[in-house]
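Shared between the two complexes below is chain A, which pairs with chain B and chain C, respectively.
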Partner chain A sequence: MDWGFLFSARLWFFVLMFAASGIVLLTVVWFERKAAARVQMRVGPYHVSPQLGGYLQLLADAFKFIISEPIVHKGAYRLLFMWGPAIFVTLAFGASLLIPLTPELRLIRDVNLLPYGLVFSLVVLLLVSIAIVLIGWSANNKFAYIGAAREALIVTAYELPLLLSFLAMVILYGTLNPIEIVERQWLAGALLNPLAFLVFIIATAMATAKFPFEIADYEGDVATGPYSDYGGIFLVLSFAGGAYYATFSYSFLATLLFLGGWGIPNFAVGSWPQDMLGHLLLAGWFLLKTTILMMFFAFLRAAMPVLRLDHTLLFGWRGLLVLSILAVVWSVVLKFVGI
Partner chain B sequence: MREESYGLVLGERDLGAGRRVLDIFWGPQHPTSGHTRFIVEVDGDIVVNVTPDPGYVHRTMEKLGETRHWIQNIPLFERLSLPDAINVTWAYALAVEKLLKYDVSPRAQYLRVIMGELSRISTHLYDLGLHGIMIGSSTGFMWGYGLRELLVHLWAMVSGSRTTPTWVVPGGVRTAPPDAFYEQTKGFLQYLEKKIDEFVRVVVKNPVGFYRLKDVGYLSKEEAARLMATGPGARGSGVAWDARKAYKYGIYDELEWDICVEDGGDSLARTMVRICEIKQSAGIIRQALDRAPREGSLVGDAALHRLPPKLREKANEYVKLSGFFVVMLPQGEGTGITEGGRGRYYFHVFGDGSEKPYRVRISTPSWQNLRPMIKAFIGSRLMDLPAIYGSFGYFPPEQDR
Partner chain C sequence: MTSVGYIVKATIDALRVAARNFVKPERITVYYPYEKLEYVRMRGWIGLWTEKCTSCMLCARICPTNAIKMYPAPNAKRYPGVDYGRCIMCHFCIDICPADALYPTDIKELAWYNYREMIYTPDMEREPPKVEETYKYVKVSIKYENGIPRKIETVK
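Coming up: the complex of A and B.
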């Protein structure tokens, strides 16, 4: 039997992405809890795995959620109610699979198709909000309904700025190919166009309902909004876990566009599988930066209350949109100057 | 939205011209509504009407008060509002003192002020914490409760109990604080003042938090007075009324302090009144700690004479509630008013010559603040409801009695 398939770049990409994203999530959630606890005069997770500082708490939580009974209430639209979370997490995580992890570890084999992969990943990410609206509608509950309406409103506030900041970077690099994007970043994209980075970060916080934009599922008045009727595995796949996958994908994309992706200066990687260690090093570096970016989003929970819906919409249309247009202008200027 | 009516839906009314008013049942099982229900009618995002539906935690306090010995009502009535246990029982003790013509020992006067102000701080921290989580700041929540944790340790030191002190008795107080209490309270106040400034920076003056509170839930001075708002609800609207100044109970007029008033009338003003009162209370406690006599009877002479001899010898250290069992309430009535953290507590006790009160009438600040709060709700946005609710420090168990 030919064991060559064991070294297939696609297989390694797949396994790495699934395993690594799991570990990244574990770390980020642990950091979120521990950092918030540190700020808030308490200890945070401890009793599950005290030697590791409560690192495995998330696994215990996930186990608890998964074995609890999934309840579908009488008024729900069963099909969407049950499939909504699965659609949510598939879209949220699937988006990151379209971006290469290193020049050769990637799902899309044809180099000419890579630019489409990048655009498509953004499109898939923006579809997550539709999954949230579907969930909110299917629950047939006023709180979920209001939450879904809010989600739909917030999309209008962040979607254009997000796309424009993406456009700004594409103009700056002059390409949509992820491999070339990384090569063009002699200086991290966040420094080349700080405005676009700022807009992308804020829009990501809005899109993934991070504080202070946790509005659709604001506990104060709509009781976790679209997810208020979920429990067990449904909650894991949507609100409790799926949302972190969406953050992961957004952060993954942001790392590629703004933080230099897998690129390490003066380090040339050989071809897969001969230079396996080199590729794994690059992948690790990429995921490390993604993790740090996610930790920033996680830390916002400890620092921020929730902004009001109408203020958010105003901020999106008057602040973010203008900033993102300026970012595009800045990119065009840089392009003409020839940097 | 489909036709099946499901749990939270009351109905949708059509106003014509494509506008609909949606009825939302906000509570009693809701993360922020507390044990009460508000039927909120929203037109889009704007709240057009709120109908309160209180009574979910009605514990028949007034009726229960008629069924037992009057001294046993102290542990009962402090459960009206456990965060503010001292000020509640103080009002009851004042009413019974008027009825029994008890005097209060000088030492107990100072101790009552110290613990009463600690109780006010405790309530404000409780409300600020809840207000924090209502506007989404888990840090504010944890800080409020974390600081209150230090405070209840002080309570435990004095009374032996973290949350149910049962400490104010007619004529004086039940237990004498140990010497360590005087030192540790000063340390606590120092830390509290530092931390409360941080709270303002991180939660209230945080740009996001600021715009959640600023110009939200406006209550004008006239409306606040007309609807009988009390506590921070009134003082946040510029009504400088405080029972401590108005009735001069205890020894408050011997100490230097100011009424905290803000003119904003919005959630921010009410929150800042709380912050200001915590600082004022710290000042009052410091003055009282310095002046409080460390020796002397815990109860006044009238009460002391009726205690059994064995307890009378120990009256410098503690008084047992059972010592009051021989005392009957005379025919007559007495009222007691104190200023709690959330506003005015009012007790009206009628005696008929037996050991049980004939009738106990209780008025609590949350009940009084309900109408002003509904007034502040109307016209706000749906997301403002928790921000307004928390700013009044509304507390359903206290409201429903």
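Coming up: the complex of A and C.
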């Protein structure tokens, strides 16, 4: 039997992404709970494994969620109610699979198709909000309905600035190919165009319902909004886990565009099966930066209050849109100056 | 109308305060079985000296939750028994008792397996319940310094 498939770059990419994203997710959720607790004079998860700082509490919670009975209530639209979380998590995580982890570890084998993969990952990410609206509609509950309506409104606030900041970086690099984008970042993209980075971060916080913009599923107003009727595995796939997968994909994209992706200065990597360690090092570096970015989003929970919906919309249209247009102008100017 | 600069400053301030607390947390969590809060005054379990009791029933009348029932005794008197399922430890009964027959304790860590065990008869009121110390613990207290609460270990 031929064991060559064990060194297939696509297999390794797939396994790495699944394993690493799971670990990153657990770490970020743990960090979110611990950070919020530290700021709020509490301790946070502690009693399950005190030596590890309560890290295993997350596994215990996940186990509890998975074995608890998923309830589909009377009056829900069964089909969408049950498939909504699956659609949600598929879209949220699938987006990150379209971006290469290192120059050779990637799912899209054809180099000429990589630019489409980058654009398509952004499109898939923006479809997540539609999955949220589907979930909210199918639950047939007024809180879920209000949450879904809020989510639909917030999309109008962040979608255009997000696309414009993406456009700004694409203009700056002059290419859509992720490999070339990483090569062009002699300085991290966040320093080349800080405005676009700021807009992308704020729009990501809106898109993934991070704290100043946790409006669609804010517990104080709408009882976790679209997800209010979910429990068990549905909750894991949508609110308790799927939302973090969306954050992971957005952070992954942001790391590629703004933080230099897998690029380490003065480090050239060989071809895949021969220089395996080099590729794993690059992948680890990429995922480390992604984790740090996700931790920043998690940390916002400890620092920020929640904005009102109309204030958010005003901020989106009057502030963020103007900033993103300025970011595009900045990129065009830089391009003409010739950096 | 708040200016943009004010909003930006407020956002950065919020992040700064959170980061400071994150780096140097000021926790006031009391790890209960291993640490116990030291209260200055504590109203707890209510005891009874039946010899002093005059059966005036003022305690049963003043009780805001009707927790006290007067049990007939063989000597034709009536003595109070407290239902701790109802008692809110307000100690009104102790305050009103003209003969000082009821006495206060600071035993507050009370637990029962069954609600029937919570109903104390006068005989059971005579002896304070035994407190079992399963864990070694330290006494702590929360002190406020410039409006910031701090947990301080008090010497036992």
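The definition used in the following text is that the second predicted complex is superposed on the first by the 339 of 339 C-alpha atoms of A that agree within 3 Å, B and C clash if a C-alpha of one lies under 4 Å from a C-alpha of the other, contacts with A are read in each partner's own complex, and residues count from 1 in each chain.
As a convention for this text, a residue touches a chain if its C-beta (ideal position, glycine included) is under 8 Å from a C-beta of that chain, and two chains touch if they have at least 3 such contacts.
Only a predicted model underlies this, so the values are computations on that prediction, with no experimental measurement involved.
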item	value
Superposed partners chain B and chain C on chain A - clash or fit	clash
Dominant toucher of chain A (residue count), chain B or chain C	B
Touching partner for A:F299 - first (chain B), second (chain C), both, neither	second
Contacts of A:L307 with chain B and chain C, given as first, second, both or neither	first
Chain B versus chain C as contact partner of A:R42, first or second or both or neither	both
Touched partner set for A:K142, first chain B, second chain C, both or neither	first
Which superposed partner A:L187 touches (first chain B, second chain C, both, neither)	neither
Which superposed partner A:A223 touches (first chain B, second chain C, both, neither)	first
Contacts of A:G75 with chain B and chain C, given as first, second, both or neither	first
Candidates 185-193, 221-229 or 383-391 of chain B: the single one with C-alpha clashes against chain C	185-193
Contacts on chain A seen with chain B and repeated with chain C across the two complexes	39, 41-42, 302-305
Interface residues, chain A side, partner chain C - complex	35, 38-39, 41-43, 299, 302-305, 319
Touching residues (chain side chain C, partner chain A) in the complex	4, 11, 14-15, 17-19, 21-22, 25-29, 149
List of chain B residues in touch with chain A within their complex	1-2, 4, 6-9, 22, 24, 26, 30-32, 45, 132, 134-143, 146, 202-203, 206, 208-209, 211-212, 381-387
List of chain A residues in touch with chain B within their complex	36, 39-42, 73-75, 77, 140-143, 145-146, 211-212, 214-215, 218-223, 301-311
